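You will see two complexes here that share chain A, one where it goes with chain B and one where it goes with chain C.
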Partner chain A sequence: MRAYFKFEFIQFLFNKKNIAIYVILLFLACFYALKIAPSYDPIEKVDRDEIEARFLTREDFLNNVVIDENSYPLTRFAAAIYPEWNEYDKQRLDALDSNRLREYAGSTYKWYEYSDYMIFRNGNGLLYYNPRYYTAGNLYATEDGHYAYMYSASRYKGYAQGDSELSMDVFEERTALQTLQRLLHGYLPIILLVCCILFTADIVLKDKRNLTVIKGFPISVWRRLVVKGGVALIGSSLTIIPLSIGFIIVAIQHGMGDLNLPVPIFSYEARAFTTITMGEYLFQNVLLMLFWFLLLISLLLLLSIQIRHEFANLVLGCVVVFAEFYYYVRGLGFVKEIQWYPSSYVQVGQIVAGYREYLNNSASLTFENGIAVMSVCTAIILLVTLIISKTKRFKYL
Partner chain B sequence: MIELRSIGVNFSGRDILKEVSITFHPGEIIGLVAPNGTGKSTLMNVIMNYLQPNSGKVRFNNELEYTTKKNEVKIHKLLSMMPDQSDLYNHLSGKQHLKLYSSMWDSNPQLIENTIAALGMESYVNKKTGTYSLGMRQRLCFAMQIVSDTQIMLMDEVMNGLDPTQVEIISQILVKKREEGKTIIIASHLLENLEKYANRIFFVKNGNLDSTEDIHRNLGVNGNMVIRVPEGTPELKQKLSVAFPELDIQLLANSVILIEFPKNESGTLENISAFLNENHEHQTFSVGKMTLSDLYSKYYH
Partner chain C sequence: MWKLLKNDFLIERTNKKNMIACLIVAIFVFGFFSYTKIENSQRLIDEKASEYQSVASALTKFQTADAMDYGNGSDLYYNLLQQQRYVVNQSMAMKVDRPQLYLESGIKLAELRANAFDMEGYEKVATNLPSRTENQLDSLFYQFMDRTGMVVTQDALSFFPFLLDLFMVLGSFWFIFMSIFSCGILIEEFHHTSLIKGYPVSFDKYVLAKCASSMFWVGILIAEIFICSLPFIYFYGLGDANYPVAIFDGNFKVIPTIEYIGIALVYIILISIFTVLLSVILNVLLKNMYLTLFVQLLLFIAPSLFPSLVSLVPFNPFNYMNFTNLLNGHSLELAEPVELEMLHGLIYIGISTVLMLIGVKLFFTTGKLKKV
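On to the complex of A and B.
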């Protein structure tokens, strides 16, 4: 079995298609690190000028406003809420000017918490989140702003209470680890899953080209498939190597970050954020990705011995990965049991962060449920494959 | 030991193998001879369990049958089939192929170097097989099976694309393997070569495996002397039949006229010789026992 594994692994590494995938990933990682990451423009950035402008405008208003029985209600409202708001902005400005970053984090946490409370609970169409949330056609701009402010509040609270080294890059989530976190929250998991499909689609069917060499090996079909699955899993995991080049480039530009940095996790049940460490967050992402790889690999192995067509492997593998795009509607989890579909967990970073719970109005789209659903699906597929491969009349290719 | 019990294979209503029952013993080289498409490869595929027969079963060493997938693995530890040269991995070297087979069957690694030396593959064995000629690929395929060192070896057209020297070297290795107690089944069209080292030779016809010994006996030509006349024509055959009506005269597919004379009565050979000198000028003819080629041509005529 070890000899067969070694043989299959060498085949995998020398496969031109696989080499091309690694090279493309390397190119994409470098392109991202050199071109896209430096131009990242977060909505919630550290902008002293903006803080100062807002502070001075409100301070000027508070210094000049006269509140009496004739004052307009909105003027009264502004005069009531601006003092605390401005106090936080003042603390932020002072902290920035004296480079006391932990204090800045503490006051920014309070600023976001107060802002969200004011805008979401008391705004009534008068107060708004950052205007960049209000893009054309976005019906959920307020909800997006609400999530982002809660997220930022939780994040800055974590910075203030933690002992990680802070910097502007940390605040704007530009460090290498935070960039990875953002990518996991975005389309990186889907890219890696598509790579896994491409690696696995031909791992069995390529044997057709060398059938008489390998057909008589004294090893059972099931063991062959297990070895091939193992090779595909390792090969898919090796995508970390080209990606790490991009990671290193970002780390050189903006720093590595810290595995103890807080990552906010949303809980739909509590309607609030808690934080876990960056290390925990990445570990959960890796774990969920590994379960995704296992699910896809076992599915493609089964298809390979049943349908025996590479194109069918590609299509059906992609259908599983992209299925969520067909049924996803914001808030769907409230009316439909989408937590039972493996494809609901494809946005791995968003699942771990609880963002999918927020988007789907469902407390069930959790990391734990994702692991459970994918384990069950993988186990069923492997069981079917085992039964088929042990059937007396079954022929390998 | 391989025991075939009533093996029947039927494709689209056509019997490829009909109730074939036979036993192949250790220390035997078995030759399978037949025109293309008559069932040689089918028989090997049945032995390997690549093809399940419609009836019958194959038994190994009086104990193992293809009843379960577990048994199949056990049997494949005893058994190997020579790969097709077109199926080699072009990006791997010959030595990597040999190491693969050696490690898959867990054989003695020393066999790799020994086989390379025996087959004279030193100069190219480390190069990628994509650069090999047909003969080099064929030698590698043979070497792969030798390094697997299985108890039973199946070889389909092992001598294809090889020059006479290589044919001789491989023949010697086969004889050595037989002496080691291997059971070797070879399908080949090199009849003279096969005749030299095969213990038993079978012709496959109409789904049956007929031993050449039985064929000789049934045709009544066992040990008979024959005159072989190359470049024969139907006219010459006609003339010979008229001149010597008591003799069995055949024009074979390879344009050889075969004249059998069971009893070398005095003067017959001289008369035939004189007749041929007169009617078939500038051509030589030979006298001797019936060869496998003659028997093949006669059998499939």
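On to the complex of A and C.
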């Protein structure tokens, strides 16, 4: 079996297609690190001018306003909520001026918490989140702002209480580890899954070309499939190598970050954030990714011995990965049991961070459920493959 | 030649790839239906609600709160205030079912927006408002509806509106689908070179026959899209085939739904021919199905990765492969705006198809086929 593994692995590594995938990934990683990452413009950035402008206007208002029984209700409202708000802004400004970053983190945490409370609970139609959430055509701008403010509050709380080294890059999530976190939250998982499909699509069917030679090997079909699956899994995991080049470039530009940095995790049941460390976050992501690889590989192995066409492998694999786009509507989890579909867990980073729970209004789209659903699916598919490959009438390709 | 074609059809008839493609297209159509059904029951009202929020938050960027005529607000501030009013009007008009009011407010809103673009300090609210192109398209749509007295509808499920949405989505990734479909078109032949060399026809004829049979299947797929959508006539009615759509084809103009579908079909067919021929050429050059696919996809995304390429090489046929963006006037909003015209796209894709055909005829012989 070991010799066969070696044989398969070498074939895998020297396959033109696989080399091309690694090269393309390398190109994309470098393109991202050199062109896209530097132009990242977060909405929640550290902007002294913005804080100061808001602070001065409100301070001016508070100094001049006279509240008596004739005051307009909105004026009273403003005079009631601005003092505390301004206090936090003042603390932020002072901390920035004297470069006390941990203190800045502490007051920013309070600022976000207070702002979110005011805007979301009391500010309907009067107070707004950062205007950049209200882009033309965004139907859920308030919800986006609410999530982002809660997220930022939790993040800054973590910075203030933790002992990681802080910097502007950390605050704006630009360091290499945080960039990775943002990517996992975005489209990186889908890219990796598509790569996995491409790696696995021909791993069985290439044997068609030299069937007589392959059939002579003294190894059973089931074992052969297991070895091929293992090779595909290792190959898919090796995509880390080209991606790490991009990672290193970002690390040189903005610093590496710290595995103890806090990552906010949303829990739908508590409607609140807790934080875990970056290391834990990445570990959970990697675990979920590995389960995804296993699911896709076992599915494609089954398709390979049943339908026996690469086009089917490619397209049906993609259907599984992209199925969520079909049924995904915000808040759907509230009415439909989408936590039973494996395709609901494609956005690995968002699952771990709890963002999917927030989007779907569902408490069930958790990391643990994802692992459970995916391992059950994988087990069923592998079992079917095993049974098929052991039946007497089965012919390998 | 005819015998060859017949031979190809016989082979393709049992090809699993074609069956799977048919299955996928059917899944796509029905899936898209369920998506439309949950998503868009009240799309105009939802749109207006979000527009209201956007304008309101744009207003928060102004320090002044004095909205009176003799107040100290800037022109843009007043403009935005009026916009907000018309957005509310439109939203209410939709809710109480007064389409005429919706159109009138829409026309005024579009006018206000058109004026706002040149006002001082517009950059700081630009992301909250529709772009110039979008506004132009909206404005044309409202004016056309007003002039002809047609009634605004939110219906997206009957036959024609559904097909329109479907083709708009297809426009974005038909090229990708076709490249996956056709990337292995000649690979089988490389495995049986002796068989191919034995055919009593020249290689270019053989390739042409192969392309023709592929295109026949593409035709079946397109027909399938229409056939799968037929049940909607029974459930939701035919819809209005003349309902207007505003597009940019060099000029801003309004065309009926049926014409849009027609343009989409012409583009889809041309893109299919283009992709099949490109696959043939890349197959012979690279001798690998996946490398062919990767090269095609890279060419497809190159204009999005490097937007300056579009203005540099406007005759690149890949600028036109995403015809939904093309008809939306997407190219006008790039950092370096270019006017990509619909007709030019057809011409450039057509010319490159002819060039590829000539290339196949002149350079490709069976001698190129070596066992891989």
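Here is the rule we go by: the second predicted complex is superposed on the first by the 397 of 397 C-alpha atoms of A that agree within 3 Å, B and C clash if a C-alpha of one lies under 4 Å from a C-alpha of the other, contacts with A are read in each partner's own complex, and residues count from 1 in each chain.
Methods note: contacts are C-beta pairs under 8 Å (C-beta built on N, C-alpha and C of every residue); 3 or more make two chains touch, one makes a residue touch a chain.
Predicted model, so just to flag it, every value in this text is computed and none were measured.
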item	value
Overlay on chain A: chain C relative to chain B, clash or fit	fit
Partner chain in contact with A:R209 - chain B first, chain C second, else both or neither	both
Chain B versus chain C as contact partner of A:L198, first or second or both or neither	second
Touching partner for A:Y4 - first (chain B), second (chain C), both, neither	first
Touching partner for A:F31 - first (chain B), second (chain C), both, neither	second
Which partner reaches more residues of chain A (counting touched residues only), chain B or chain C	C
Which superposed partner A:V66 touches (first chain B, second chain C, both, neither)	neither
Which superposed partner A:K395 touches (first chain B, second chain C, both, neither)	first
Closest Cα approach, chain C to chain B, once both complexes are overlaid on chain A (Å)	8
Those residues of chain A which chain B touches in one complex and chain C touches in the other	209
Partner chain C, residues of chain A touching it in the complex	16-17, 20-21, 24, 31, 53, 57, 125, 128-129, 131-142, 198, 202, 209, 307-312, 314-316, 319, 325-327, 329, 332
Interfacial residue positions of chain C with respect to chain A in the complex	16-17, 20-21, 24, 27, 31-32, 34-35, 38-39, 46-47, 49-51, 53-54, 56-58, 60-61, 63, 125, 127-131, 134, 180-181, 184, 191, 288-291, 294, 298, 305
Chain B - residues contacting chain A, complex	48, 50, 52, 66-70, 72-74, 76-77, 79-81, 83-84, 87-89, 91-92, 97, 100, 103-106, 144
Residue ranges of chain A in contact with chain B within the complex	3-4, 6-7, 10-11, 14, 209-213, 215-222, 389-395
